[in-house]
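The structure appears below as structure tokens.
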Amino acid sequence: MSIDAPLTAAAARRARIADAARALAAQPTAAAGLVIIALLALAAVAAPLIAPADPDTQNLALRLAPPGAAHWLGTDELGRDILARLLYGSRVSLAVAAVVALAVPPVGLAAGCAAGFFGGVVDAALMRSADVFLAFPRLILALALVAAMGPGLGHAMLAIALAAWPPYARLARAETLSLRGREFIAAARLAGASPARLLVRHIAPLCLPSLVVRASLDMAGVILTAAGLGFLGLGVAPPTAEWGAMIAAGRRFMLDQWWVAAAPGAAIALAALGFNLFGEGLRDLLDPRQR
Amino acid sequence: MSALLDVAGLDIAIGGRRAVAGASFSMARERLGLVGGSGAGKSLIGRSILRLLPAGATMRAKRLAFDGIDISSADARQMQRLRGRRIGLILQDPKFSLNPLMTIGAQIDEAFRRHHRLSRRAARARTLAMLEAVRFSEPQRVSALYPHEVSGGMGQRAMIAMMLAPEPELLIADEPTSALDPTSALQVLAVLDDLVASRGMGLLFISHDLGLVADLCDRVLVIEAGTIVESCDAAALAQSTHPYTRRLLAARALAP
Amino acid sequence: MMRGIAAPLLALAAKAGLTLAGLLLVTFLIARVVPIDPVLAVVGDRASPEAYQRARSEMGLDRPVWVQFARYVAMLGTGELGRSALTRSLVTDDLRRFLPATLELATAATLLGLVLGVPAGVYAAARHGRWQDHVLRVVSLLGYSVPVFWLGLMALLVFYADLGWAAGPGRLDPWLEDVVPARTGLLIVDAAVAGDGAVLASALAHLALPAAVLGYFSLAYISRMTRSLLLEQLGQDYIAAARAKGLSETRVLWRHALGNVLVPLATVATLSYAQLLEGSVLTETVFAWPGIGRYITGSLLSLDMNAVMGGTLVVGLIFIALNLLVEGVYGRLDPRTR
């Protein structure tokens, strides 16, 4: 045994994380995805600093200008700089993705672990409600909810979140079921661990990897759904820049000034691609059989 | 007599790790046993002869020839002509080595029709004859069954029938009885013994069971951790001085 | 054997029933969250308090919530989905008019996805790790990343506006509408049955581009799944044995490996179909395709809640049915479980 072996549990955990990070960096797909996501985050955070112009400043004299020196991606129907609007639009998309990514998997994890661990009525109740939300296509549920509650970013996020949680619950439940019978759980139980402690300290952490993979892959879909809602006019209220809404606005000028709609679409595709690449790379790493 | 199989300097690597190193042997139309513990690389050697290594495995050989034909540089067409028609392969567990969604009869028909121009009826007749040859008393009934509907011993006999249908000259048997209970194992071995003898085939018998190999084969190769450490006549095994062989013999003596 | 079938089927039916009940509950609750007062929508905001109360009790809105829900379910049971404020016709009539268009589009797209996607997946599995495999991976990844409505717009721009290859928005040339009797609502079928070549040609020309766009997404999913299902099979012993028999690689791939994944593939196709139903909402808007997706979004923008809820309900029902198919039927098709 090498003298470099970690001496404490905390050090061991740090070493594991360092190894994981290194492996991730070596994986080309995950690395590429991470780069794209980082760029996206940078654009969102630093938009005021790097945008060439104010996204809301109209200049009707220069409306629908083609890409050129003054405006690298041209201007939209109100003369606003498209590149600037793209950069600011990343804020909306990233905000939706972040909120859903941070709020939904924990809820799904809790529900799934509880369902798998306790079984019986708890399992039935949780899984049946998961089935109900799975019965709706995500976009249509979002549409219905937004129709009822009115448009707006918050409602859109809520709608997407409600439709997004069931798969995480199912994943967590499946993992919990397979972990429940293992010896280390029985050992911990004998050592006097309460059900809550068993769930939180032993079972839930082991469910995390598959949920993280799922979350990353899901983010692409979330961005697409949010853009879809924006396209239908149900997302953020104008004049705030939002990629889907930009496509809807540019639709009228498709024939002659196609860049107005093309640019935001490419941005959406790039963002979704980043999350897809990262998620796939992560999955290849954690579950190589799945290639 | 030209060697049926001639192997020299065979190296096989899996995932960067060397699994077989410098294996060299040759065989005529005889029964050659290949014995070693699990993970010793014996299955890999068997598979490499047919170039059917698992994904992630690479092989390299100074010489790998069947009846003078160079296997290591053969292209896909040449390999296809060798497989089945001239070299057969039996695997360990018929539950996994037979297509679960095809009837036994259909799979043997397929073997016949691939290598001989036969009508469906003619192929079916030969399938039934083959099933009789592997000692099925109700060939008609068995041919309509699916692999999961027959016992392990029956499945292995069906597998033998399927692989011997094209009448190969060399049969590679990779642990054919390891997944069977003793009674079925004996029956399968009897069938194998009978058919190999009556058709004058060569047999490469791969197993972890030294005693079994010693009974069935003419010569024996002992492999340890990827290297062939001993090559001798089956009759001379008991006098072997190699430590690994002695260990295998001792294990066999202790085994029930 | 009958007993072996009955129990799991009953369990499945019970589960579907519960999901359905939940679906109804959710749609009911959503409809109640609407910020506009449905009574006012009927009587107008200048009605007297008495007229308001009368209308309110007529609409049953003064009863407790669970009674309202019971009435709602009963109403649905008789197939009554209310009246659309926009089209002025019964929502059920509207749905009957618009659903076939969506089904036609989703079916055409899924067929495209299968016909092109399965061979692509087989090919990628056969060339595992080589450049052909990577190309397919990129194609699929793009399919998971590109927004469907944007691709539709770009496709219209290139293939309709610039190249003139595809027909424009809508299902038919306007002068050919209502020419053939709408027996199934599926134009291709109706035109073929009526033997009307012109309508059939026009319908196909209009179906081509939206089906191709949606079909791309179906292809991305189906080809990826086919590839991974096949790769799983190709490592199995029975494949090695089949190769050892001397079978050609083509036969090994298509007859043995693919043959063993037909059931999971059926699941994949069904799931793809369900995905496309969702994607149709946006595609129909772009292509002016008169389907249920456009109906829902149109009604939504005019706050026609009856129509929105009716449409959502129907789509939800189709989803439940598709999931039932996947879980109930496909699981039984493997001879090992017979």
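To keep things simple, chains are lettered A, B and C as they appear, and every chain counts its residues starting from 1.
Keep in mind that, in the parts below, a contact is a pair of C-beta atoms (placed from the backbone, for glycine too) under 8 Å apart; a residue touches a chain by one contact, two chains touch by 3 or more.
Note that the structure is a prediction, hence the values are computed from the model and not measured.
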Between the chains shown, work out who touches whom and classify the graph as line, ring, star, complete or other. line
Averaging each chain's C-alpha atoms to get its centre, pick out the one most distant from subunit A. B
From the C-alpha centre of subunit A to that of subunit C, how far is it in Å? 24
Distance between chain centroids, defined by C-alpha means - subunit A, subunit B (Å): 52
Could you check subunit C for residues that touch two or more other chains and list them? none
In the complex, go through subunit C and note every residue touching subunit A. 15, 18-19, 22-23, 25-27, 30-31, 33-35, 141-142, 144-151, 153-154, 156-157, 161, 228, 231-232, 274-275, 277-278, 281-282, 285-286, 296-297, 300-301, 303, 305, 308-309, 311-312, 315-316, 319-320, 323
Can you tell me which positions in subunit B touch subunit C when the two form their complex? 47, 50, 52, 54-55, 76, 80-85, 87-89, 91-93, 96-102, 110-111, 114-115, 146, 148, 159, 162-163, 166
Spell out the residues on subunit A that touch subunit C in their complex, using ranges where they run on. 128-129, 131-141, 143-150, 220, 224, 227-228, 231-234, 244, 247, 251, 254-255, 258, 261-262, 264-265, 268-270, 272-273, 276-277, 280, 289-291
Of all residues in subunit C, those that touch subunit B in their complex: 128, 234-238, 240-249, 256, 259-260, 334-336
